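Here you go, one structure.
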Amino acid sequence: MSEKNYLTTDFTLRSWFLTTDHKRIAILYFASLIFFFFVGGAAATAIRIELATPQADLVSSDVYNRLFTMHGIIMVWFFLIPSIPNTLGNFIVPLMIGARDLAFPRLNLMSWYVFMLGGCVTLFAILAGGIDTGWTFYTPFSTLYSNSYVIVAAAGVFIAGFSSILTGLNFIVTIHRLRAPGLTWYRLPLFLWSLYATSVILVLATPVLAITLLLMATERFFGVGIFDPRIGGDPLLFQHLFWFYSHPAVYIMILPGMGVINELVSCFSRKEVFGYKFVAWCSLAIAAVGFLVWGHHMFVSGQSLVASLVFSFMSFIVAVPSAIKVFNWTATLHKGSIHFDAPMLYALAFIGLFTIGGLTGLFLACLAYDVHATDTYFVVAHFHYIMVGGMVTAYFGGLHYWWPKITGRLYSEYWARTAAVLIFFGFNLTFFPQIILGAEGMPRRYHVYPPEFQVWNVLSSGGAAILAVAYLMPLFYLGYSAFFGKRAPANPWDAPGLEWQTSSPPPEFNFETQPVVTREPYQYNERFEAEPQNA
Amino acid sequence: MPESSAVAPQYASIPHRDHTAELGMWVFIATEVLLFGGLILAYLVYRHAFPQGFAAGSRHTEIVIGTANTAVLLTSSFLVAWAVEIFSPATSKIVTWLLVGAACLGLVFIALKALEYSGEYDEHLVPGINFQFAGPKANGVQLFFIFYFIATAIHALHMLIGIGLLITLAIICRRASTKRHHTALHSAALYWHFVDVVWIFLFALIYLPGRSTS
Amino acid sequence: MTEWRPPIALVGAWLALLALLALTVALAYLPLGAGNGVVALTIGTIKAGLVAAIFMELRHRGGLTLIFAGAGLFWLGILLWLGSMDFLTRT
Amino acid sequence: MWRQWIPFWQPGLSTHSGDVDLLFAGLLIVSALVIGLLFFLLTLFCTRYRAGNQTDRDHRVKKSWHWEVSWTAASFVCFLGLFIWGASVYFQIYRTPADEHDVFVVAKQWMWKTQHPGGQSEIDALHIPIKRPVRLVMASQDVIHSFFIPALRLKHDVVPGRYQDLEIEVDKPGHYHLFCAEYCGTDHSGMIGEVVAMEPSDFSNWLTQQAPSSPLASEGSQLFRELGCSGCHGNGSAVRAPPLEGVYGKPVPLSDGTTVIADDKYIRDSILMPRSQVVASYQPVMPSFEGKISEDQLLRLVAYIKSLAGHQS
């Protein structure tokens, strides 16, 4: 290519590690997240192998407890929360709003370094001997009884939290201040609405996690503290503070996924998203109401019945905007012109899996059933349907969709579709049996279990093997395409978004001339012929 | 990189940059509110559970130091607000002195705080290190002092960061004060006022309860 | 050469803050029972409001800044309200 | 009961578990309808409107708000119904139990210790008579555990520092799993046991066959003397302390003007934090037993004080 793009402006290491270019920072994040995804995935694999038999045969209980804790901590804080916002969001947000960078580029770089510092501290905790508290760090186990590296791990998460806050802050200000002329709020792509909502949660919930972990670590360090039942402290207060962050964090993880799905569904059915304004406001509604429901993690903990009642009601309320979104995506397909490219396959898989995840969520929001189902595999299956079936699937969809823009190359459509289908089946085989296990009463975090649960566990482990292979596939075909793929045109999907108006990959400051927006988003030209991509 | 222009490439103009920076600062303050919010919830819950213990704990704090510190901090905030208000290249000298004054008041606050801590250490009121409190309210008092030390320590940390910011800005104003530093000063001032507001509430929660009874 | 003088609003706010401080300390010694806590927090809120409106210049700011400043407080309210609800309604 | 008339419906092991099962069925039906409708529409649209398929794409639905309002309202009403249903069953399950056959449960890493009023104690097992509500008084010695009987669809966390009441009732004899459902450390998955429900006659046989041990209350009475409680609370003592005879279950006036019911929780708190709720017109002179007494011993003292009020335990 004659024109220089952001990848070819400079090749030194320094130009990467001191860059303030949001696109390069997105790539830095992307590389780090792949690493953490496979660390967390390795733990998951070990867990599933161990659970294939009811006895303890692969690892001891202590190792097992460290495995699921590491899986949780790595996956939640070092993969799911930063996944879409920090890679796709970082890359796409300025492009989508027609800006030359985020509002605070140096803060953006700093956020990556803070993230990596947090990641290294956490990895150190794991390598030094691990943590066995579960990702929830419940007191008093974490403060008084656990003999593992709790403070180090909490410090890692604490540090990574600041990275989240900085990213959220950057997105909020960027979306407010750096929109191209003519790009009003109702002309924003829905991906940006959902990232905005995500950022609100990041900024307002993460500090509560920080203070909670700080209180927990102080208590552990000094042997006495605010949650200590020996001096009249209440362990439930820890749970309240923890879930004030961690429940909204669930929406941090799923909202960006929903945002991506809007883009994919509308692009590949060549139609504007049905009920644009409803979907946009639903993102904000989820972000706001998502703060009112945290107590549904505590229906059997001994919190007051009145509190349970309020939290259960709110949990049903927060399900309404999610339901609205699913209906709107479906309605978007109506009278569209649907193309089944790989990103669309991921989007359809998302809708199905997310719906199952959401419906199992209703079971758990329902007070009396939650008494039975909480702390069983029902919960495990539920949140994996949302987090993995929803978020990771959406992430893959978005990654394929914007891959030509990010790398300037086209991937192999054949392999991409195969991987999408394989992920869908592997996922369901892994997690549907867990719904049944939960309904039958198998508690979570069990290293050994009564033999009558074995059938479903074996199925789940078998599915996990398929899923592991399916998740490895993109590493190869996307990796291959990044270097040897066919060159991508500026707009391979014939999409109207601003990010497609600049070359692929974009130049260093995104746009040669300041773009001006004159129309609503998603004005698709119906007769789009997909590029022949089977390179 | 084609730097060296007056504003970074993502901004259209200087006012655009300044407004963006200010908005960023407000978002940051919202974050900070929730950081202290977690502590305040813990305080409210335990004050509800141990009203007597919290009153007793509060009576063991030094209200003279607390009140003096509040006055010091309010005055320092006033000086900073004054500096922001009159900031211009022409007044850089006064601004510098105002900022130095505010930072010095901040240091006075820290010194008084240290004095108070050492007094509490001598009275064996530091939970986890040497807490000794006989009597029925011991649990409540201990919980109160755990809150007290964590909240004031985090606040003091914020103070130290703020003092650093003020001194940096004072140096900048002394050396080369230009219009563009107004934004930096304004952001630092917002932060300093916020730390002040936090203290106003901590003062009401820590020093005032239980004074009317004994 | 008047440009270095502080605006009257700033001086007024500063004096008012110091006066409120004296008032709140004095009132803390009046036996009002549960009223003491309410008084202390009310005066605290007024003081914080003065700092925000005058020192932080919120009175000159537009809706967006006000929303951002209020968002933190609003969510703080959620945290305190729902967080203490459990403890206030336990049996 | 009308439920007997539902075809193929198995009544649960207890009234409550039957209610939960019914709720589960209701949730399943709602979910199946939603999933069915959604997958039907997805399949329909994906086949009919796939690119290249010549079909009518004119007259698209543009005005969306009445669609939005209708499915918003539909989901809301449906959710509201489920909420009310779930909440009403929840309140049934967790209603504060009346004074029934009490069993004490102490959870510790990593075992369940249960104790019957007659002093029979079991490890990782709980024998109960059928068709009779049993009140569990649960306490934890260390971390949070959770008492979970899947067959009864019943679970409750056992949080250190407080007592937790839970009422269970089983209608059919049998052996049922007892799990710890809240992660509690290394051997969490080993903290399992069984609940054995027996016919009342078998149960009384079982009780008498257990290793002879003195009833909890008499062990408590012994502790009461050993720990020196009787020095003040006993008759004719020099120190003026509230008499404990007949106090259990009665309202107690406190020095701050309020009243509490002297239940298990109050007695426990009074032993551990004696000066937090002082009885009116008495001096706060009692020392705290915090850290000097285990949960097991506490339960015995509570049982003893209950027995002073003429309760069976």
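General observations
Letters are used for the chains, namely A, B, C and D, taken in the order the chains are written, and counting of residues starts over at 1 for each.
One rule holds in what follows: a contact is a pair of C-beta atoms (placed from the backbone, for glycine too) under 8 Å apart; a residue touches a chain by one contact, two chains touch by 3 or more.
Bear in mind that the values here come from a model prediction, so they are computed numbers and not experimental data.
The chains that touch both subunit A and subunit B are C, D. Chains making contact with subunit B as well as with subunit C: A. Per-chain CA centroids place subunit C at a distance of 43 Å from subunit D. Subunit A and subunit D have Cα centroids lying 35 Å from one another.
Multi-chain contact residues, meaning those touching two or more other chains, occur in subunit C at positions 64, 71-72, 75, 79, 83, 87-88, 91. Residue positions 176, 204, 208, 232-234, 236-237, 240-241, 244, 305 of subunit A are each in touch with at least two other chains.
Shared contact sites, meaning residues of subunit D that touch two or more other chains, fall at 273.
Remark: the chains found to touch one another pair up as A-B, A-C, A-D, B-C, B-D. By the touch rule above, subunit C contacts subunit B in their complex via residues 3-7, 10-11, 13-14, 17-18, 21, 24-25, 28-32, 36-37, 40-41, 43-44, 47-48, 51-52, 54-57, 64-65, 68-69, 71-73, 75-76, 79-80, 83-84, 87-88. Against subunit D, the residues of subunit A that register as touching in their complex are 61-62, 65, 132, 134, 138, 140-141, 144-146, 229-230, 232-236, 269-271, 274-275, 278, 299-302, 305, 308-309, 312-313, 316-317, 319-320, 323-324, 326-328, 330-331, 333-340, 348, 351-352, 355-356, 359-360, 362-363, 365-372, 374-376, 439-441, 443-450, 526, 528.
On the side of subunit A, the complex with subunit C involves touching residues 176, 200, 204, 208, 234, 236-237, 240-241, 244, 291-292, 294-295, 298, 303-307, 310-311.
The touching residues of subunit A, when paired with subunit B in their complex, are 94, 99-105, 165, 168-170, 172-173, 176-178, 203-208, 210-212, 214-215, 218, 221-226, 231-234, 237, 240-241, 244, 508-509. By the touch criterion stated above, subunit C contacts subunit A in their complex at residues 64, 71-72, 75, 78-79, 82-83, 85-91.
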